[in-house]
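Listed below are the structures to be examined.
In the two assemblies presented below, chain A is common to both, partnered first by chain B and then by chain C.
Take a look at the complex of A and B:
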């Protein structure tokens, strides 16, 4: 099925090139704002430019991974609206697997370009000493971060089983989650930090694990220092929750009447 | 159908129900959130307690008017919908619980929607299906050859599905549904919107596979002519309940006493004084649609009088509409449950 989607994608080469550059421009804009702020004030909430870049790199890179895997869920409501989900249910494959493999957004490669650049630049500038532990923990953090963001996307998509339409919710969640953790979570008010830790645990995508990589100590951590290592656990919990909600939704699937 | 086949049941449906909650959805982000918690709901009983068994190799017509509950039943049998109540078993499997296992046993065709990949030529869709159903290469090739020949697909295979006509697409869909040798084939209104030639191709193919492979076929339709041409057994569903389940032959004997005659005259449209037993249902330009009673005058007399006294250009005989059949059943004493083997 991946081949099938690649094939039909090929026909849209132009749209691919356009998407790719649109993403680049979008992120260039984001980066520009951050650089402007940091150079003006030297740091944000005690975070230097290099540290901010590393934080941002973790976010964008893991977002790229998430987008590659779950991009096709963005338009999940169309499966509900025109009943295309029917077709997935009569094939001998997991419906979720069929959806995530149906579209392959090559343009999300732009995420990797920017993410990698930010990570390398940030690590250099902030002078990260790459111990064995850090080298080993980095991919684990990526996996955890993908599980968190993927689990959230899954849960938000599953809402469509109840409401049919969910695109405004999907877009709000995806875009606001990018915005919310671009900056160190410690700049927010207490309730927001709690929200981003316990309810909508995006702080585990980049903020908490960065403390470990940057040897930042526990100064601006709201909770126990151990929290730096909890990204994979949080990811597992969020993803299991998302998948559970998805399965609950499938039982309630109503199809469409003609 | 013989007795030996009849006791091998492949589909068991027992007191099956499905309700739909129809909501007035609120728009927007806040709306879709609020919809989660509270909404005004109306309950539609689409399928309201149906019971039947179907034996291996049977060809059953599942008939009803629009909104009767045909598609909802098919969706429960194929694992798309979870029943609200009651039980359903297909080849020993509960479809909504074991969707994947069930998928290997069944073929599904929806008249209004293709199972193929819209942007790909049918050939590529078939290849994908081969991979999805994990078909051994040589079995796939044998099926492929047999099906493309039976449905005359050779010229259609390289055209993207979205460019095919409805009839051509339906032929490709039929082939796709049979590639993995399903035991049971579900067809939901496969002839809807097709012209006569395409309908005929579909019917011929269904007859062919019902005979050559021991496939059990359930076909929904609101066209009595499909049933007349194909199904020994008919189940009529009306407002979610079964109005008739029995042999097509018996239904005709007991309840279908009329047929429709469509007559085209040579550039005029006469009053038919010599044929008072014909009820005019519709009259248009030089055509008339006439209902006649099978118990009265013989068909031979009617037609010979027509040709003798009037200038007839063309003539065809139609089965009555489903709605007329249902009316007749209710008039003759309501619910009827004749067994297939009577």
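Take a look at the complex of A and C:
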């Protein structure tokens, strides 16, 4: 199903290339802001250009991975409003599985390109010494980051079971919040750092694991240094929670008899 | 709401066939009542999604929070911060006002594209009104709603949360009103020009993304233009973006004043004229294309 939808998007080649280019310009705006600030002020809260690039790379690459799997959840409210969800319910497959594989997003390819570039550039510039442990931990971090972001998307979509509409919430939680972790979490006030660690654990997507890769020690960590390794665990917890909420929502949806 | 208006209009014009003058007057009252009815309905619709509304306000505050934190972290540790002409207090005010002005200029930039694509634009063309001004009026209406429901509450929260001084000079406020209005027009015309692209191609979303990317960085909405490297300045100066956010923000926080301000407002005004001309050009050639094709 993923491949089929990918093919359908590739059909219009010129359009595809143009869209891809437009996405690069769009992200250049985002990256440009960070680059301008870091070059002007040398560092952001002790994070140099290379380290900022690595931080950004982790975020964008994992975002691309998440988008491949969960992109179609962004528009979940339309399933609710148009009643398309009922169509999924009558099929003998898990409704979530059907939604997840229904759309392929070009944006994720742009994410991979930008993410990989940022990671390579950041790793070189910051002089990361790739030990065996780091090489092995990188894919684990990606899986954990995808689980965190996917779990959050699931939870946000599940809200639509109750409120029908959730597009502003999706926008805030999925996109605006990303803006927060483009910068080192240590720039925020303590309560926000706690929030981003314990309540809405986006800091595990890039901030904490970066400490391990960049050998930053515990300088600007609010918690025990062990936290650098907790991304996979956090991912599992968040995803289980998201899936649980989703199932609760589905039970409610069915019991209302829509 | 826009669609509802079109429907209402269409329904009423049909009834105009073979009626006397008196009935016509009566019909006019009906139309007015209908409009008010629709407006009321759309207002109710807005209210129905309270949750959406609060999230929207929250989103604006979140961005203000991010950028004020960012500048605080930078200005407390960077050695070059002192050489920029900004203090922590000033840059904080900049971040807050830039975001509030940005929200105050929120405009609907999809409805025209959707209309052109679906062909519904022809319904607007046969109306005895200029589409540009009609759209502008609609946009201003939405903006007023935004001022009351988003800009004002966000501003109140910022007043409580941050130490920002509000300028008291009436001259400054007059100047700001002019600059805001011109900036608003620029933003509107920029959206209009990008919407006109839909007459020629379906790739409007890509164009919108590019516009958004350029706007993010060059409007000064996040970083004041002062922080840009020297070699980028010629490029920034040939783009209209800085006159949308950077100029109004700089004027309200007192960063730009006096002759400098007057000069920049003059350039801003030229941009409004120039882009107005471009809007008119694109609209006429775009609509001609539509008519020729019999769209």
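The rule we apply is simple: the second predicted complex is superposed on the first by the 234 of 258 C-alpha atoms of A that agree within 3 Å, B and C clash if a C-alpha of one lies under 4 Å from a C-alpha of the other, contacts with A are read in each partner's own complex, and residues count from 1 in each chain.
One rule holds for everything that comes next: a residue touches a chain if its C-beta (ideal position, glycine included) is under 8 Å from a C-beta of that chain, and two chains touch if they have at least 3 such contacts.
The model shown is predicted, which means the values in this text are computed figures rather than measured ones.
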- [ ] Please tell me which partner, chain B or chain C, touches more residues of chain A.
- [x] C
Open item on the list: Quick check for you: in the superposed arrangement, does A:30 touch first (chain B), second (chain C), both or neither?
Closed with: second
Open item on the list: Quick one: is A:179 in contact with chain B, with chain C, with both, or with neither? Answer first, second, both or neither.
Closed with: second
TODO: Could you look at A:165 and tell me whether it touches chain B, chain C, both or neither (first, second, both, neither)?
DONE: both
Open item on the list: By the touch definition at the top of the document, which applies to A:253: first (chain B), second (chain C), both, or neither?
Closed with: first
- [ ] Quick one: classify A:87 as touching chain B (first), chain C (second), both or neither.
- [x] first
Task: Touching both chain B and chain C, residues of chain A - done: 163, 165, 168-169, 172
- [ ] In the complex, go through chain A and note every residue touching chain C.
- [x] 15, 18-19, 21-23, 25-30, 32-33, 36-37, 39-46, 163, 165, 167-169, 171-172, 176-177, 179-180, 183, 186-189, 192
Task: Of chain C, residues touching chain A in the complex - done: 49, 51-52, 55-56, 58-59, 62-63, 65-66, 69-70, 72-74, 77-81, 84, 202-203, 205-207, 209-210, 212-217, 222-223, 227-229
Open item on the list: Under the stated contact criterion, what part of chain A meets chain B in this complex?
Closed with: 1, 3-4, 7-8, 11, 83-84, 86-87, 89-94, 159, 162-166, 168-169, 172, 251-255, 257-258
Task: chain A partner contacts - residues on chain B that touch it in the complex - done: 20-21, 25, 27-29, 32-33, 35-36, 46, 66-67, 71, 75, 78-82, 96, 99-101, 103-104, 106, 108, 110, 112-113, 115, 117, 119-120, 124, 128, 132-133
